[in-house]
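Alright, structures below, take your time with them.
The same chain A turns up in both complexes below, where it pairs with chain B and then with chain C.
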Partner chain A sequence: MALLEVENLSTSFYTYAGEVQSVSGVSFHVDEGEAVGIVGESGCGKSVTVQSIMRLIPNPPGKIKNGQIRLAGRDLVRLPEKEMQKIRGKEIGMIFQDPMTSLNPVLTIGRQMTEVLQHHEGIGKNEALGRAAKYLTMVGISNPERRLKQYPHEFSGGMRQRVMIAMALLCNPKLLIADEPTTALDVTIQAQILELMKDLKDKVNTSIILITHDLGVVAGLCSRIIVMYGGKIVEMGSTQDIFKDPRHPYTWGLLKSVPRLDASKRSKLVPIVGSPPDLLNPPKGCGFAARCPHAMKICETQPPAYTDLNEKHRAACWLLHPDAPKVTFNGIDEKEARS
Partner chain B sequence: MVRYLLGRILAAILVIWLVITLTFFLMHAIPGGPFASDKILLPQVQANINARYHLNDPLFKQYTDYLKNAAHFDFGPTFRYQGRSVNDIIKEGLPRTAAIGSMATILALICGTFLGIIAALRQNKTADYVATFLATIGISVPSFVIATLLQYYVGFKLHLFPPIGWGDPNQLVMPVLALSAYPVAQITRLTRTSMLDVLHQDYIRTAKAKGLPGYIIVFRHALKNAIIPLLTFMGPFFAYILCGNFVIEYIFNIPGIGQYFVTSITNRDYPVIMGTTILVATLMVTFNLLVDIAYTLVDPRIKLTDQKGV
Partner chain C sequence: MSNEVILEVNNLVKHFPINEGFLSRENKKVHAVNGISFKLHQGETLGLVGESGCGKSTAGRTIIRLYEATSGEAKFMGRNIYDLSKKEMMTVRRDMQMIFQDPYASLNPRMTVGDIIGEALDIHHLASGQKRTNRIYELLETVGLNSEHANRFPHEFSGGQRQRIGIARALAVNPKLIICDEPISALDVSIQAQIVNMLEELQEQLGLTYLFIAHDLSMVKHISHRIAVMYLGRIVEITTSQDLYDHPMHPYTQALLSAIPIPDPDVELKRSRIVLEGGVPSPIDPPSGCYFRTRCPKAQQQCAQTTPELKDCGNGHLVACHLV
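The block that comes next holds the complex of A and B.
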């Protein structure tokens, strides 16, 4: 059953230069207990999508222009701020990219953890401290009683991210959103945090949205992958589909530009040339046209519609039109192999 | 921490000793003495007075005698107030100066942070513009102008508060307002800037993502961080309150330390000049130490260690 349904979400920032269409017409869902990954280059609207779900878009300049976000049937877009506060931290927990700056430097870890419980569940300080200690142990922090009395600067980056995870899970939220939780960490710590998240996914029964610009990171954790580009979803499908049968040239580009554990050593990394579209003046046709090695005339003028490839797998590309030339992904694209 | 404090106290004593030495010799370098006046005194009278106050001793002996006495908190008799010591003058004047100063401090801290928070939360809205406008006035108009205007309009014209004097609580209102105008303005500006900066920090987004209500985010999460840069202003702030008080006391005719200090200079009343200067120096050094200790209370990342120097 769908826990979260996002339907036709559009979020824009109104700046002096004009309207930045950060997210336009995004629809997806997350099932109960499911982990979904959102991937895409930096600036393609991943954070804005999840911050819209949390209603954390700074207004002004930002605004959810359109769409519905239903959590267990309730539309969050139209919820009064007071009601939304009861959802944040309680039904949806969130962790952020930079654990070094995401914790308040002048409050103890204990204070920052217990305030969530005291606020949402109205329990006493001692009971809250007990629960906080239990969760710290769960995320692999030893000596929790002593750690609760410490300040963030007494923790390493990886430890702070563990604290963030524990804090986000305190109220047993139905959904955990992790916005690039490992990007700011060094490689060994990244692996540990991912391992922890995998471990927790089986222990606590939450759905997860994991954002990353690294396809390798989602593969181990998520059963489904959403590929975003230029504020839109260009392809989504099961992890299996995205890795074994990707259909969108942007997904191909991503797969080739990301080191993957399951890829053969021979396949070399090819970065996608060019830069993402200007969301201030989004292109009329397909957003990827300027960088796509297979772009056709129609790609420049008309946006491609979604083609459903199976129950879970869909992509928006003119190549999937019955009349289009047959181009397939085989790891090394022929055009590039020649050049 | 204890070692740090001991170091700081030693350094403070050194500073005060320097202040004593400098003022002592500078004062004696000024031509004229405390008893030079329009009336020509009989030579015998002059000699008697000089002997009585040891003004004929060699300068260096006078200096060492002074240091010895000062070490016992004995600042000698005054030259101008018959039969009273400098300590009497301080005991009488300091509570008045302290009353005005501390009230102005409290007012400035409360109003300044309050206005600053409002301005930051209502950035680029009416409340922000009003607060910023008031702050600009408070910063650009000197306190003696504000004092004089208050005295004239509120005191003499409207008769709302007594324009001068001491003794009645009503007489405190205008001096405190005039003295706090500048610090209120500065603290408003600093709080606004620092709040705006803090409100854009990641940990505020985390606090919002935890579902905390606005007042907890502002007062628990933002304010405590926003105060840290403000502490840097506290040293100059106390200096301003102390010295600003001298002017204010003069305008409102309040017999505080400031007034004694100003008249002691025109009187060349050496012991009072020395005594009040040492008092002000001691207060400043103490405040600066308190500010540094306050840092460690607000910001857990700062530890007072010996490396930080004395």
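The block that comes next holds the complex of A and C.
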């Protein structure tokens, strides 16, 4: 069953230069106990999408222009701020990108962790500290009683990210949003955090939205992937669909531009030429047309509609139109990389 | 790639003193680089990888003498650069250039792109007047920009374009060796490939030698001929990039390789991961013996007592571990 349904979400920022359409017409859903990855380059609207779900868009200059965000049937967009506060931290937990700046440096970890519990569940201080200690143990922090009395600067980056995860999970949220949770961390620490999130998904049955620009990270953790470009979803499908049978040229570009550690041949990388579109004046047609090696005339004038390829897999590209020339993804094919 | 050694680093050490307490006495030191040795051949790319804080950037900066070495030597084309006077160093710098990590911070915002690139030509008296202008245009075109860009300021460019300007600046003096300090880690994936391809093309055209410092092992493996893995200021393993991936011998390299996610769900599903406990110890007070022993799953008693030296395990595959 769908836990979260986002329908036709559009979020814009009104600046002196004009309206920046960061997210335009995004629809997707997240099932219970499912991990969904959102990938894309910086500025493609992935963070704004989840910040809209959490209603964390600063207004002004930002505004959710359009659309619905339903969490277990309730529309979050129209909820009063008071009600929304009961959802943040309790029903949706969020882990931010930078563990160095998202903790308050002048409060102890214990104080910051129990704040959530006291606010949402109204339980006493000691009970809250006990529960906080239990969660710290769960995320692999030893000696939690002593750790709760420490300040953020006494923790390393990986440890702080663990604290953030424990904090996001304290009220047993149904949905955990992780906005680039490992980007600021080293690979060995990233491996620890990803193992932890995988464990939590299996044990607690939390739904996860994982935002990242690293395709390797989503390949291991997520069962479905959403590819965003220029504020729109260009392709989404099961992890198998996206990696084995991608249909959008942008997804091809992403897959071909990263070197694989297990590739034996020193093959040339295929970069995506040019740079992302200016969302102040979004292009009339397909946002990717200017950088797409297969762009046709129609791509520049009309935005492509979604083509459903199977139950879960859909892509927005004119190449999928029955009359379009047949272009397929080739190059990073497994057999070729291995030979 | 020839057999001529262009750079030879012997037992390079760089410690940073921490001044604290009464009269700012030196009580402690940050052991950033703890005796690294390697050779770099003409036309080769040597990747230097490791986690943050392992001293890889400090090593790069010490080799180009942005920092004075605490001890050890770096022989560039036969001459130890730490023995050179300021004047002699100027001529060496013409052959040895650096590309920095942050393309936003490494370009002066108040200078035009033309002047940023031209500054190197002025300092080394390489060109002036019309010749200087032509050389700047030529360099801009080499890195995939065009001559119109010379009169613009850095803020008018995107991250990838700025990194191109940084590369053009490094190329201005026709260097032989370029130290690339995380040149792509601040860029988006699709742009990273553009820069890496360009670096590879420039190497072919101009016969450049690179010391490529980065933490992204899959990118380093792609661009490098050989890779040196650093941990807490020491090189723990050094070999050709394919050999490092196929036969990693040091437990740290094995863990590092297994931690890197591969963009393929089938491979990810089957892989077993060596997850290291804890984090990197503080370089102010590193552990005795082998620095990695506190996190090493195979550590034994002798690892705490003696420091393992780099040993040749055949075909130039060097490993610093008691257990191999």
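In this text, the second predicted complex is superposed on the first by the 320 of 339 C-alpha atoms of A that agree within 3 Å, B and C clash if a C-alpha of one lies under 4 Å from a C-alpha of the other, contacts with A are read in each partner's own complex, and residues count from 1 in each chain.
Definition applied: contacts are C-beta pairs under 8 Å (C-beta built on N, C-alpha and C of every residue); 3 or more make two chains touch, one makes a residue touch a chain.
For clarity, every value in this text was computed on a predicted model and none was experimentally measured.
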Which of chain B and chain C A:94 touches, first, second, both or neither: first
Touching partner for A:3 - first (chain B), second (chain C), both, neither: neither
Touching partner for A:167 - first (chain B), second (chain C), both, neither: first
Contacts of A:279 with chain B and chain C, given as first, second, both or neither: neither
Touching partner for A:86 - first (chain B), second (chain C), both, neither: first
Chain B versus chain C as contact partner of A:71, first or second or both or neither: neither
Of chain C and chain B, partner touching more chain A residues: C
First, second, both or neither for A:211, with chain B first and chain C second: neither
First, second, both or neither for A:132, with chain B first and chain C second: neither
Residue numbers on chain A that touch chain C, as the complex places them: 41-42, 156-159, 186-192, 194-195, 213-217, 219-220, 239-240, 243, 253-264, 266, 268-273, 275, 334
Residues of chain C touching chain A in the complex: 51-52, 158, 160, 188-194, 196-197, 200, 215, 217-219, 221-222, 242, 245, 255-269, 273, 275-276, 279-280
Residue numbers on chain A that touch chain B, as the complex places them: 54, 56, 84-90, 93-94, 96, 98, 101-108, 115-116, 119-120, 151, 153, 164, 167
Chain B residues within the chain A interface of the complex: 201-203, 205-213, 216, 220-221, 224-225, 228, 298-301
